[in-house]
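Here chain A shows up in two complexes: once beside chain B, once beside chain C.
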Partner chain A sequence: MLRITLNRAVSAAVLIIIASIFSFVIIAAFPGNVAALIAEMRGGFVSQEVVDRVAVEYRLNDPLVLRYFHWLGDVMQGDLGSSLRTGESVSTALAQRLQPTLVLVLGGSLVTLIVGTSLGLAGAMWPNGLIDRTIRAFAVFNVSMPKFFLAAMLIYVFGVQMQLLPTFGFRGPASWILPCIAVGAVPGALLSRLMRVGLEETMSRPFIITAKSKGFGRRRILFRDALPNIVPVFLTTFGMNIAFITQSSLIIEPIFSWNGVGAYFVEAARFRDLPVLQSCLLMFSILFILVNLAVDLIVMMADPLQRRAKRI
Partner chain B sequence: MTTFSRRSLLAGSAALGATLGLNLSTLPALAEDGSMTLRLPLIRASGNLDPQRYVGIFAVQDMVFDPLVHYGPGGQIEPGLAETWEVAPDDTGITFHLRPGVTFTDGEVWDATSMVWNLERWLPKEDYRWMQIANNYKDIEVIDPMTVALHFTKPTPTALTELSYVRPVRFLSPKAVDAEGIYSAPVGTGPWMVEKDGPAGTDLVPNPGYWGTRPAIDRVSLVVIPDGLSRISSIMSGEIDAAGGKFIAPVSPQDATTLKANGVTVVTETGTDTMILGFNPRNDLFRDAHMREAFNLLIDREGIARVVMKGYAKATMNLYPEVIAHAGTRFDVPARDVERAKALLEEAGWIGEGTRSKDGKPLNVELVISEDAVPGSRALGEVLQAGFLEAGIGLKLRNVDHAARHGDIPQFKYDLSLFVTNGAPYDPYNTIGLMFLSTIAPGTDGKIYEDTALDPLILAALAASEADRPAAFQAVFDWLHANWAIAPLFHGDRIWAHGDRIKSFAIPATEYEMPLKSLSL
Partner chain C sequence: MTRSARQTKPLLEAIDFSVTLHTPSVSVRPVDRVSYSVEPGEVLAIVGESGSGKTILNMAPLDLLPVGVNADMEGAVRFEGVDLLKMSASELEAICGGGIGVVFQDPLSALNPVRKIGRQLTEGIEHHLGLTAAQADSRAAELMTLVGLSDPRSRMQQYPHELSGGMRQRVGIAMSIAGEPRLLIADEPTTALDVTVQAQIVALLKDLQKRLGMAIVIITHDFGVVSGLADKVAVMYAGRLSEIGGVRDVLIEPAHPYTQGLLRSVPSLTVPMNTKFAGLPGQPPNLARRIEGCAFAPRCAEVRPECSVHRPALLSVPRSATGHLAACPVVINHPA
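Let's look at the complex of A and B:
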């Protein structure tokens, strides 16, 4: 188990290095005059001479490879640089904005888990009945709906019409409900379908027929025999959905005016704030890799077949 | 192994419900806050408020830092930290008599020393040469502790207007910097003080020692709401009191229509800027006046104002709206005339069915649009595209972001582009000086048009004495109009929307200030 864990950790480290290259190059290679933007923030209307001076000062004319290693060296020392736009330390700004994003990711994951398991199990419990069909329709409706539209609908119904929940801001548990539902409902609907179909398939396998022949009830078979069989697939998909939820912060945070990392990224993208964009992208990549690593290890622990296969 | 009994699950659920219920019960209080706190949205965080940096939100800087003189309605210059002033007859200097008894909110005294300390932070620097007072700066003379004279190398009639700008001219406490002279805190003499500031918003409270009329509000709470739709929802739910202002929390014409339909009060005023379709002056295609006239005649300005801008705009052929000083006489807005435009294109040698061509080259032009730099430009571009197509002109829209626009426009890498004039308090001087004069290198916003024949007229207008100014500006406008040099489209309205808590409301003189002077809750 330790060896497998170490192997996975090494793979994750390699992926992180590749992610760092992509994070830097994709952002730095965008067309457009970043020096002009920086110069403009210093003195309003600017001449080409001032723009050229800024480009030299920020090493924007250096070769991309040189800039990458310079940036990587700073990142390795914990220095993510300063925002080109505000001059504030990116590390400090990210630290300030981490809490809302963590709440969104954790809350959204919780919603995903609750929606996914409850609807999936209910559908499997009463297959092809009214409940199952209603849940299926709900899941399809949810999956088809863009997140921003769902967010807007939630704001309109619960914020504007019913005035029950806040429409914006990160200001306590009540304000967390709508954003977490907005990010968690769609992956939850997907998971519910996965669980429902997985359970249906498992329920037709020979060992289930044996259990039925022994006279065990449907509920007992579903929970004790069928459910453990789909846990590895469920967990893997759930892990991927955490990454999906993290990405969703880019859309949901600005809509609900949460000043998290997602909103920071979007704001930085508008102003081509390279250090902020590169740091956010690197952070999202690392988070994605680590979540996948954790899910892999959990699945391995939960699935005896996989554990045995790795040993071989 | 830990197990959960049904009872503990129920107890847990009840506790969770109670917690949420407790929080939900606070919502009506938030929506119907009876205090004298004004809640306004901001498109982004206030940021670094250093008056010499172009980073912070203008309107927040305006709340904290005072100017020597204020820009009043219609460009009227009003006293600020300078109580009175005398302008030299040849416009080469101004003597300011400073307002006595004024202190910064950290106790530092406002006098000649603090004024000179502030001016020396930016006035001699190259970064600010775009302002005539910086470009023509000669020296500062301290006459006595409350009298200071500014001297210029040549006549600078724009000086008072420029001294009313928000940045870089506002005054910071000399103590509000670190040992290296770098800005450390937002300390000014203005009516408001920053109490709390962060990425989620800024809270400001009245300055108890303010020299002018004290605000009638106990607190202004500025909340960052970057999304336009969220701002609409927040007004409708009563969580914020108002939204608007181009650089504060914009309300688009579509938003205004929605809000109005939902019973929210929408207040508008004629804008101080103009949306213009600019022809690349260095492109051979547009050196021919026939082409510029043809393109002008293919634009349905009234239709754009009515449909794209939902009626929140006035169609125009003028560079500046009437609210700008010396904006000149109003030119008639030509009706869309496709036949005349076709005839002009043919005179210029562009013939054929479908997309016209000349010497085998099709008449395809590119319009650079940028929603970041010019909001609404995509919709406008699409309307123009349809209009030009009717006369056999292929218009391709190239959508770029802010940074890409700032790279392409100054380098004239476009055929057509949308420009917005600078508006109050910068105009009438700023736009014609920086975006038309060919002797000044293009800045990040580029040139709307340039021609060596136009330069002397602009220079004459910028240097004209007060008596000669209207005629000198009119000469510039007449030249632009006679040569179809630009295609002005409309003057967009300034839009604000507010909820029922606000009893009186008036849109301020510029887009760079909050509507606080006449506001009451």
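Let's look at the complex of A and C:
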């Protein structure tokens, strides 16, 4: 168990290093003359002389490897550079914008978990009943629907028509509801299908007949015998969906006018604010890797087959 | 049998019991008008080839067929006088694990892989005996000792994959007797095990049957198991009973040509090497078709013209013990 944990931690660290290389190289390989771009953003007359000075200032003439290690050194010290557009420190800006994004990712994950579990269980409890069929149709509809469309529908129905919930800005828990539903509904629908199908498959395995032979009814067997069997798969898929949710913040945050990391990233992309893009990419990658590491470890602890089989 | 002599009601009684299974493409009849009975404390072995309907015969009345199998049942299967086929789902749930315990063929797939053995044992005890968790725990430990598992308390913390095949089947047996059943249905409990372990499991079942005084219906195709355990044998062919009787009568003087063939095809260690293996020629019939006459007629060496006209009734075998019945006109009508 300890060995596997260490193993996973080491591979997560390696992945983070690879992610940092990618974050750096992708941005460094951005088309166009970066020095000229920077000079342009500073405004004023852009002469070759100015461009050359910027290139020296940003070490753009150094070999790529050297630039990477230099950047990495800064990042390790918490210095993510400064925004080309506003000149503010990227670390400070990110720290300020972290809260809405965390709320969105955690809240969205919670919605995913609730929707996935409850609908999946309801479908399995009454197979092919009205609820099951409704859920199936809903799941297909949900999966094939773009996130921004769902967000727009939510805003229209709950914000505009019913005037129930705020649709604009990051202003307290009530304003969190719609964005979290907007990011969590689609992965939730996917997970509910996974749970429904997984439960059905498990309910056809021989040990279910054993449970029946002990005199237990279907519902109890579903919860006590079938459910624990699909928890590892469910959690693993849930972990992967957190990445999907994180990625959704790019679309959902601007729609609801949230000043989070996702909106920051979109804004930076529009203005080619390279240090910001680089930092956001790195942040998202690290978040994704750490979440998956955590999920992996949780799954390992929840699954007796994994927990004990490799102990020897 | 002292009890059966006292004119008690049979514990289990099947009367003209038939099962038809429906799949989208075909309907098959794996159990065709079968009648037999089991007295309290008696051990009945049901033998037959694979696909002869042994398992369906026993599992269908308890609604323990695999998911997706649709079974139509006719006739009656009475347990302690009450017809299982007419029971509601909740009445049947009270019987399963309570009055009737079941042991399955493959102890690995029959145990839930992600639940501790202790929990899988205690849940049945709590459910049927109404004990508290702590009482059920100590009862489970007793049961595990009873089925020959050492160190029960730590075993209860283990998962099925951490045990050997024989130990898993012991757990399966412990689970099946957790509700203190009057009848144990054991569906080929030794087939998936090593030969040495098979003997241990048979000995265990015999021991439990004596100690707990329960009746056992054991489904098997192993005549070693039959002779070691059973009081009575029923031979099934193509969903029908071809012969039933006391274990000695059937094994030593088999009346039905099918039983004779089956016994001949048991490999023996006492015949000289290189002796040709005596199997049964031909194939069992297709159960999707209606069988006129005796189902065994096409493979029977003693077949007569009338055999393929009417299905032979199960009648007393002449010059044999009472209760020894066979469904064969050749045997029954044999001049005394």
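Here are a few things to note about the model shown:
Keep in mind that, in the parts below, the second predicted complex is superposed on the first by the 297 of 312 C-alpha atoms of A that agree within 3 Å, B and C clash if a C-alpha of one lies under 4 Å from a C-alpha of the other, contacts with A are read in each partner's own complex, and residues count from 1 in each chain.
As a convention for this text, a residue touches a chain if its C-beta (ideal position, glycine included) is under 8 Å from a C-beta of that chain, and two chains touch if they have at least 3 such contacts.
Every value quoted in this text rests on a predicted model; they were computed, and no experiment measured them.
By the document's definition of touching, of the two partners only chain B reaches A:Q96; chain C does not.
Legend: residue contacts after superposition of the two complexes on their common chain; A:S47 is shown touching chain B, with no touch to chain C. Of the two partner chains, chain C is the only one that A:K214 touches; chain B does not reach it. When both complexes are overlaid on chain A, the residue A:A268 reaches neither chain B nor chain C. In the superposed model, A:L150 lies in contact with neither chain B nor chain C. Touched residues of chain A were counted for both chain B and chain C, and B has more of them.
In the overlay built on the shared chain, the residue A:V111 is in contact with neither chain B nor chain C. Contacts of A:I252 after superposition: neither chain B nor chain C is touched.
By the touch criterion defined above, A:D303 lies against chain C but remains apart from chain B after alignment on the C-alpha atoms of chain A. Within chain A, not a single residue is touched by chain B in the first complex and by chain C in the second. Partner chain C is touched in their complex by these residues of chain A: 203-217, 224-225, 228-229, 231, 303-305, 308-309. Put simply, chain B touches chain A in their complex at residues 19-20, 23-24, 26-28, 30-31, 44-45, 47-48, 53-55, 125-130, 167-168, 198-200, 223-227, 229-230, 233-234, 236-239, 372, 400-407, 410, 434, 440-445. Residues 62-64, 66-68, 89-90, 93-98, 101-102, 104, 106, 109-116, 123-124, 127-128, 159, 161-162, 172, 175-176, 178-179 of chain C are the ones that touch chain A when the two sit in their complex. Interface of chain A with chain B (complex): residues 30-34, 36-37, 39-51, 85-88, 93, 96-97, 152, 155-156, 159-160, 163-170, 172-174, 177, 254-257, 259, 263-264, 266-267, 269-272.
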